[in-house]
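Chains: A, B, C and D, in written order; residue numbering restarts at 1 for each.
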Amino acid sequence: MKRALVFFSLLLCFGIMLIAVVNMPPMGDPKSMMMTGPPGRAPIPRYLSEGRQEAGAENIITDIILNYRGYDTNGEVTVIFTALMAVLAVLNRERKNVSYCDIETSPVKRSVVVYTIVRIMLPFILLFSLYVILFGEVGPGGGFQGGTIIAAAAIIFILIFGYSQGMERFPTTWRMNFEGIAPLTFIAMGIIGLFLGRNYLTFMFPGFSHASNLLLARSMLMIIEIGIGAGGAFIFTSIFFAMQREDKS
Amino acid sequence: MIWRLDTILLLFLVATSLIVVRSKDLLAASLIFGAYSLIMCIVWQQLSAPDIALTEAAVGAGVTTVLFIVTISKTTRKEEE
Amino acid sequence: MSLSLFLSKMGTNFNYVVAITLFTIGLYAVVAKNNLIKKFIGLNIMETSCFLLYISMGAVKGGRAPIWTEGMKKTTLFVNPIPQALILTGIVVAVSTTSLALSLMIKIYEHCGTLDAEKLKRMETE
Amino acid sequence: MNIAHHFPVLLFVVPVAAAATLQIIGKIRREYCFYWATAAISICAFMSTVLVWKVYKTGPISYVVGGWERWFGIEIYFDHISACALLISALGLLIIIFSKQYIEKEIDERKIPVYYTLILLNLAGMLGFVITGDLFNIFVMMEILSLSGYALVAIGEEKIAQLAAFKYLVLGAVSSLAILMAIGFLYSITGSLNMREIALYLPKATSHTPVAIIAFALFVMGFSVKAALFPLHVWLPDAHAIAPTPVSALLSGLVVKIGVCGLLRILLIYRYTGGLIDVKPVLNIISWLAAITIVVGAFFAVFQDDIKMMLAYSTVSNIGYIFLGLSLVQTNALVGGINHIFNHAIIKVLLFMGAGAIIHQTGHRRLSDLHGIARKMPITTGCLSIGIVSIVGIPPTNGFVCKWLIAIGAMQAGKPLFAAALLFGALFIFAYYIKIINAAYFREPREEYKKMDEAPLTMLVPIIILAVACLVFGIGASIPLTFIKPVAKGLLSVTVR
């Protein structure tokens, strides 16, 4: 009975959505409403043709997420910060000197091959993540992706070298200061516009030549990318720590 | 030509997602979910979205899978019936 | 609308059809599976399917990735960058929700010793 | 720098900045967290007062982030619906003040900075939600507020709280996805994300009508999970009853209303009676569901012995009133429904705070354990009684106005059955609140309450302020109505097909 009900409702859901997607504009059409838009008010042609000149980055997606729709990304970094705080509300923060870990007490011996390979690979992973962060303006990538890769490297390090080493390298009190850095960088860069007589999150100011304005915008975008990267890395590492070394008080 | 490769990848996506849902072993399910994310990442690369593909590879296949595995190691591996 | 037209439209919008198929599969896991981790894998499948819908929406046949490199002209055909920018946010939201849910699961398992939705419901009523 | 010009965006930025620095503040001294949060929300309350005054004087304010035109960038559009920002920041301030002494008793000491951070983020999400003019931004803000909401439910560490939070999370995540999907559908047919632009172009997308209708259905589904309409209300009673009391007040008074505000925004895009598509069938279904919600919520509330559980079911019932008012497509009902958003927020926060103060002092939450409490805590119980009188809807208080308007609207729309459901719900409400008054006033106090005191000042002050507000908005009912009438007019304006 219950199975039939579930099956029927899923079928209904599928059918309704099918009607919707079949009636959507055909896929891959370069002349669709989305691409051309209403004359004079279409965002896409403007982004594609002017984005490099007025927003400051070759990668148009970076232009959109950090400049045109920067407020959304401001919300987005707040979401990851909220996620960390939510995890800390459910689980407590890990505590120093509380031995509660699986790998250090695990009966499986640590393999020399894994140990060595990780040791060799880690600097390269970090280098790659720095590349992803810093070249987010001219190629694919950006702060969040790079930050996640840094966090992944940190997680690998903790998994292979054990938690006590991880705690030594990334102590809680030190991590705590940097967890909110992503929204804070965003807000700091956004506020600058307010002082120079423009709106929040403006990167182009009056009284400068176009070239210097572009340089200014690029460097501000770069700072934001680094901030998001650092924030993302710290937040994911902290979530991992909180989930692994949960403190049973 | 390239659109046909897309079709195969999309069918592969459906297949992996079905395996994930059917699998009784949670560890296997989360690992196959990682594979699903990687296929999704290739599909997006084919649709000219390299930024999103990179993000999905780092987040969906990387961090999400790690978090699932951590949870499974803290809880239980077998799905009860 | 005749059936042949319907089918041909399904052919042009094949990516969308796959996206909603994945959405339904994920919804099945959320609704019908008892294990909480399985439910959440299902929810992740739903989320990625939604992202697939967005990215397919922005795709343009023969379009290039929206990144300026050497030798590009103003007439170069690019794909729509907005859905990609939106989905970047969407992925972040998805991973945030997942991490919160997983930490809740760890805590629930610690308290109740099971992750089976039926058993948990019985425990709750007791 | 004309700072007043930037108030709309600062309304979101200030609490986020305060939340991001709160960890460091808490490391210096734990007590500073409270003052830091209070300062941030006070600034927000001040800014929203100024903005509401401006809107009242000159009409909606448009602020474009980054200085781009609204179709290129993101617009913050502070209109009459956004006047909720004043409600949110003022009630948020009172909730923070209330939680100072309550929360220290209830949760682990190390979690206090986390608690204030989450409250600030939740308020920031709500403020951002009501002021934004961009459709995707709505989704982002909704995620901030719902993620922090799930975590706040689970902060209490009991087993049952985590289960309730998980239930809330699964339903909330699915509904967020439905909304995300609907946004995608709308974007694909209009090519814009700004809500005013979409409202402009949607009637022209005639070849894709089914997409627009299904998007509307998805929006309604998503927001009715957030607002707990009848078949999707299952998460609400558990989550709202089990959370710590300030959190219950926050969730029940404000977060639930955000779903309704979102629905209002969507209705503004689609318009009620004209435009491209006829949304009347969907609205008809909503009004039936709303009537069922009123009766079901009230029915379950009567049989609860736990005071917070009772209040939570009463929220379900009252959400039914709001949805009934919105879905009847009738001026009076609409004005009443929107007015009820405002009034129910005040009343429910008052009721939860009163109940919380009593629970804090006695340690009991069952009605049968609270006999004769009025003699020991006269002020709290008095204010609680004012709240009860106004939620039942007895004339000099604010609850009367909106229920009266909705009932009149239902009669004028030619649907007396709904008016009957409303009356039925009101009777049930009377029955279950009379239980509280009876227990508090007309029973002999128990032995253990002999040497008990009135609630501490930080709890008493917000309660008194809210009780006074109940009376003020009951007598001066026209104050909120000046804001509600333009919204209702905008929703009902018929656009040519």
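To be clear about the criterion, a contact is a pair of C-beta atoms (placed from the backbone, for glycine too) under 8 Å apart; a residue touches a chain by one contact, two chains touch by 3 or more.
What you are looking at is a predicted structure, and each value in this text was computed from that prediction instead of being measured.
By count of C-beta pairs in contact, A-C exceeds the other of the chain pairs A-C and C-D. Here the CA centre of subunit A is 18 Å from the CA centre of subunit C. Per-chain Cα centroids separate subunit C from subunit D by 29 Å.
One inter-chain figure worth recording: subunit A and subunit B are separated by 19 Å, centre to centre, where each centre is the mean of the chain's CA atoms. Between the CA-based centres of subunit A and subunit D the separation comes to 30 Å, rounded to the whole angstrom.
Counting partner chains per residue, subunit A has residues 17, 23-24, 34-35, 43-44, 47, 59, 61, 69, 72, 75-76, 79, 82-83, 86-87, 90, 140, 142, 144, 239, 243, 246 touching two or more of them. For subunit D, the set of residues touching two or more other chains reads 136, 140, 143, 147, 150-151, 154, 162, 165, 187-188. Residue numbers of subunit B whose C-beta contacts span two or more other chains: 50-51, 55, 59, 63, 67, 70-71, 74.
Per the contact rule defined earlier, chains pair up in contact as A-B, A-C, A-D, B-C, C-D.
If you check the complex, the residues on subunit A that touch subunit D are 16-17, 19-20, 23-25, 32-38, 41-44, 46-47, 67-72, 74-76, 78-79, 81-83, 85-90, 92-93, 173, 176-177, 179-181, 183-184, 187, 190-191, 193-195, 197-204, 249. Touching subunit B in their complex are the following residues of subunit A: 59, 61, 102, 132, 140-142, 144-145, 148-149, 151-152, 155, 236, 239-240, 243-244, 246. Interface of subunit D with subunit A (complex): residues 1, 3, 6, 9-10, 13, 16-17, 19-24, 27, 63-69, 71-74, 76, 108, 110-111, 114-115, 117-118, 121, 124-125, 128, 134, 136-137, 140-141, 143-144, 147-148, 150-152, 154-155, 162, 165, 185, 187-192, 197, 201, 205, 208-211, 214-215, 217.
On the subunit B side of its complex with subunit A, the touching residues are 50-51, 53-55, 58-59, 62-63, 66-67, 70-71, 73-74. Interface residues of subunit C facing subunit B in the complex, by the touch rule stated above, are 14-15, 18, 21-22, 25-26, 28-29, 33-35, 37-38, 40-42, 44-45, 48, 51-52, 55-56, 58-60, 63-67, 79, 84, 87-88, 91-92, 94-95, 98-99, 102, 105-106, 109, 114-116, 119.
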